[in-house]
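Pasting the structures in now, so scroll down.
Look for subunit A in each of the two complexes below; its partner is subunit B in the first and subunit C in the second.
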Partner chain A sequence: MPLAMNSSLEGKTARLELSGELDGNSAPSVRQEVEKILGASPDRLVMVVDRLTFMASAGLRILIFAKQRQPGLKIYMVQPQPTIVDTLKKTGFYDGVYVVDSEDIDKAAAG
Partner chain B sequence: MDEQTFPGTLDSLEGVRDYVARAAGQAGFDRGKIYNLCLAVDEIVTNIVLHGYEEAGLSGDITLRADLDADEFVIRVEDHGKPYDPNAHRMPHPDDLSLPLEDRAIGGLGIMLAMDAVDDLQYDATAAGNVHRFIVKLPHANAATSPGRQS
Partner chain C sequence: MESRIDYYPTHEHEGFKFRRGRTLPFGATMVPNGVNFSVFSSAATACTLVLFRKHEPEPMVEIEFPQEFRIGDVYSMIVFDLDYEELEYGFRFDGPWEPAWGHRFDKSKIVGDPYAKVIGGRDVWRAEPDWNDMYGHRSRLAFDDFDWEGDRPLETPSKDLVVYEMHVRGFTASPTSGVSAPGTFAGIREKIPYLKDLGINCIELLPIFEFDEWENSRRHPETGEWLLNYWGYSTLGFFAPKAGFAATGRFGMQVDELKTLIKDLHKAGIEVILDVVFNHTAEGDHRGPTISYRGIDNRTYYMLTPEGYYYNFSGCGNTLNCNHPVVRNMVLDCLRYWASEYHVDGFRFDLASILGRDQNGAPLANPPLLESLAYDPVLSKCKLIAEAWDAGGLYQVGSFPAYGRWAEWNGKYRDCIRKFIKGEMAQVGEMAQRIQGSPDLYYYRGPTASTNFITAHDGFTLWDLYSYNWKHNEANGENNNDGSNDNDSWNAGWEGESTDPETNALRRKLVKNAMCLLMLSRGIPMIVMGDEMGRTQNGNNNAYCHDNELAWLDWTMVDRNTELLQFIKGVIRFRREHPVLRGDRFFEHRDVVGSGRPDIRFHGTQAFWADYSAGSRCLAVELCGEHATPRDDAIYFAMNMHWDGLPFQLPYAGDGRSWKVAINTSMPSPHDIYEKSQAPRLENQGEIIVGPRSIMVLIADRL
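And now, the complex of A and B:
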């Protein structure tokens, strides 16, 4: 399934919704979008990925890129599918991002 | 399953995963295993396209073939790019995996995921082409060779 994405910025929180498949072919456009988002220096990047059905290591490299560009950035992944959680855990990325159930980050953090 | 040939370009990745998913589904694997096999083949095919073909200034095809016998399921991937043995790649050290993301190395993750998904990843570079073989032992084959098995 082709990748679709949508981004927005509210205050210091950037939102990036991804659906479909994130592979080596689609990753450059996502990286470009992340680069654009980081231009606004957000504190938080909320990635809504509940409809992301595939993520290759190219997706992991985008997370590294974002953190290298802006080390203080907090990255949230909202409702990743179990297969993607598995990839995050195997590669040690699970501890480098906040995996949350709700897009309402403040509420999720409080819960 | 009949072999299928794809152009050695990144826009073939979706078709490659579809092929692997169909073959692994026919072999009876569960959803998680099918996903991991798709991920494994996707990672290696991505490397073939980027490093074996594009970086080397070459172009060519990638041919997949799935075989199932009583003991194992095998996905064979053949290409004609610059040879590279994934088994020669240095895997991330366990300590590397707990580093903050900003300190992580960019490379090595794909091959690590590919190797994790299979029981064996074999590679041969011959004059006729490079061949990766992704091998998954079938559960009953593992049981038959496990030391504690009682008949």
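And now, the complex of A and C:
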């Protein structure tokens, strides 16, 4: 399934919604989008990924890129699918992101 | 950031833009907008870079290095606008096919990069490969963007190490492990709490460089079961981790998974030593496949006979030409890479004596490779441990060229302790040396030059050492001809598994004796995965080809062998609690701190009279804790390997002090080992009875 992407910025919170498959082919465009988002220096990047069915190494590297490009950036992943969570855990990326159930980050964090 | 001027393309071929590259570093390196490829060959006449899109059967392009891109013997090129994630690459080398002169160039074959950081083709363990693939082991790029969160190698003093040798897959492959990713780096990560609880502080991983589990695979002639290259002592590429050992290998993320494991082990205070195989490669002899080195520069990478065949000091078909300056640099680059990029804490070198041979196979007095490794600034804090022998008959235990840095697997320790425990005659004198860290072998290096072990992956498990007189390797399909016949084992009266409680109790006691001696000896103790819970291989002492229950750790033994496991945790803890056992200098046999006693004294059944005669099977050792740093309790241990119980006269514990029982292997649990606060005081401070084939350890609290 091809990747679909949608992004927005509200205050210091960037939102990036991804659905479909984030593989080696689609990763460059996502990375470009993330670069564009980081240009606005957000504090938080909320990635809505509940309909993202696959994330390859290239996708995970985008997370690292974002963290290294902007130290202090908090990355939230909203409802990632279990296979993606599994890969995040096994490769150590899980510790670098916040996996949450809701887009309402403040509420999710409080809960 | 604007690209530098020298990162602009100058050439184009079939839509791929490229330019002259940088000769160093070798391998494929990401540069702005492209990848720099650099490869060495001293005798090739031409070289072609072959690029694939990942998993595609045919190359997307082949670009011959223009002659002006060759500097010396190095071909280098930057290719632009490549997708790092999706790229696979290799080379074709043109040159003479003159085996008698050592040249085996074959342009029809695509060969892998000796410096490949990731190798594709065996991404999932035991997934049957495409045998028709024109390029079966594909070089790929690795990323160095891992977040180490401040981690670095632990630099634990060698004297404090307790090493646990394990096979990555075998440790958790069994469904009984209960982990989410059996047989992988991630699986080990889930078992870190177990390792921590066991008390070890270093794991030594059997080979994790990329290898082909299908190499020499075959079906057992009777059972039909697949027999594989399970141990992995056959390297495909020295810089690439084994993808099949990673749950995420299918996604090409083995690098991240392994680094995550190492980072978490370090957080738990556990070091990582890699068992590295530089003595040969997976290309075998002249009948073997051309995978990389043979097709790039056969004469450089391998030791060749005058007729152009392969010297075989490894027992595996070929011998890497380690002391050729180019190969030497590759080994050095490789180890630096693992130390700096993976934060590996040390290396154990398989058949390391080969590393001290010259290009014709003759042992060198001053081997440049070993010297380079010893003095290398990046490796300066890494543990370097040699398996100080090879398959060509060179045996260097105690005489390995060490440069004050190298430690050794002490094969003499193994042999002596085994003989002593089984009650062989004339071992007591040598035992006195082994317990002290083998000063007879390592006087100028110190006791930490001695990696003390009784069992290793190669040979009987500790439980089998006391269950079998003879090897039982029928399951290997080689008519029981493989594996060592020289095991110094004893079956305790019955060959194989027994239901007799007395036989099993005796075996447990012998295992306890072995673990006790290991933890009481100066040097670096090493135990093998599963020995702490009585793992068996049914008498197989060479399980190199078994990817099944025979070689996997059965975790139900944690519950079935609680007594053994608790005891072994206890003796490891005992070692950790007593610095007097872990000195990094040899005993001086005199009082150097004014305690009134020498740092070590030997006794026998009579105090101050050790019997070293051939018929003796007893020895007792007294260690003065005042000589330890920090100051420690006094420790006395009596070893009685006679078949009868014997009285041991005790030395005076000292004014205001008394002997207390810490360990007694002749007693069943829970009286076999005590925590220090629970150790019972001896009623008779003048004598103890040490049971048959037993060890007693006493402590006297420091004042």
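Just so we're on the same page, the second predicted complex is superposed on the first by the 111 of 111 C-alpha atoms of A that agree within 3 Å, B and C clash if a C-alpha of one lies under 4 Å from a C-alpha of the other, contacts with A are read in each partner's own complex, and residues count from 1 in each chain.
The rule we apply is simple: contacts are C-beta pairs under 8 Å (C-beta built on N, C-alpha and C of every residue); 3 or more make two chains touch, one makes a residue touch a chain.
What you see is a predicted model, and the numbers here were worked out from it, not measured in a lab.
Visitor: Looking at the overlay, does A:Glu21 come into contact with subunit B only (first), subunit C only (second), both, or neither?
Guide: The first partner, subunit B, only.
Visitor: A:Ala56 contacts which: subunit B (first), subunit C (second), both, neither?
Guide: both
Visitor: Does subunit A have more residues touched by subunit B or by subunit C?
Guide: Partner with more touched residues of subunit A: B.
Visitor: Which of the two partners, first being subunit B and second being subunit C, lies in contact with A:Thr83: first, second, both, or neither?
Guide: It touches subunit B, and subunit C stays clear.
Visitor: Thinking of the overlay built on chain A, is A:Thr91 touched by subunit B (first), by subunit C (second), by both, or by neither?
Guide: In the superposition, A:Thr91 touches subunit B and subunit C alike.
Visitor: After the superposition on A, what does A:Glu33 contact: first (subunit B), second (subunit C), both or neither?
Guide: A:Glu33 contacts neither subunit B nor subunit C.
Visitor: For A:Ile64 in the superposed arrangement: first (subunit B), second (subunit C), both or neither?
Guide: both
Visitor: Where on subunit A do the contacts from subunit B and from subunit C line up?
Guide: Common to the two interfaces on subunit A: residues 24-25, 56-58, 60-61, 64, 67-68, 86-87, 90-93, 95-96.
Visitor: Going by the contact rule at the top, pick out the subunit A residues touching subunit B in the complex.
Guide: On the subunit A side, the touching residues are 1-2, 21, 23-25, 54, 56-58, 60-61, 63-64, 67-68, 71, 75, 82-83, 86-87, 90-93, 95-97.
Visitor: So in the complex, which bits of subunit B are touching subunit A?
Guide: For this pair, the touching residues of subunit B are 10-11, 13-14, 17, 31-32, 35-36, 38-39, 42-43, 46, 49-50, 92, 96-102, 104, 106, 109-110, 112-113, 116.
Visitor: Under the stated contact criterion, what part of subunit C meets subunit A in this complex?
Guide: On the subunit C side, the touching residues are 54, 83, 85-86, 143, 145-147, 149, 180-181, 184-186, 189, 246-248, 251-253, 256-257, 259-260, 263-264.
Visitor: Under the touch definition given earlier, write down the residues of subunit A that touch subunit C in their complex.
Guide: 24-25, 27-28, 56-58, 60-61, 64-65, 67-68, 86-87, 89-93, 95-96
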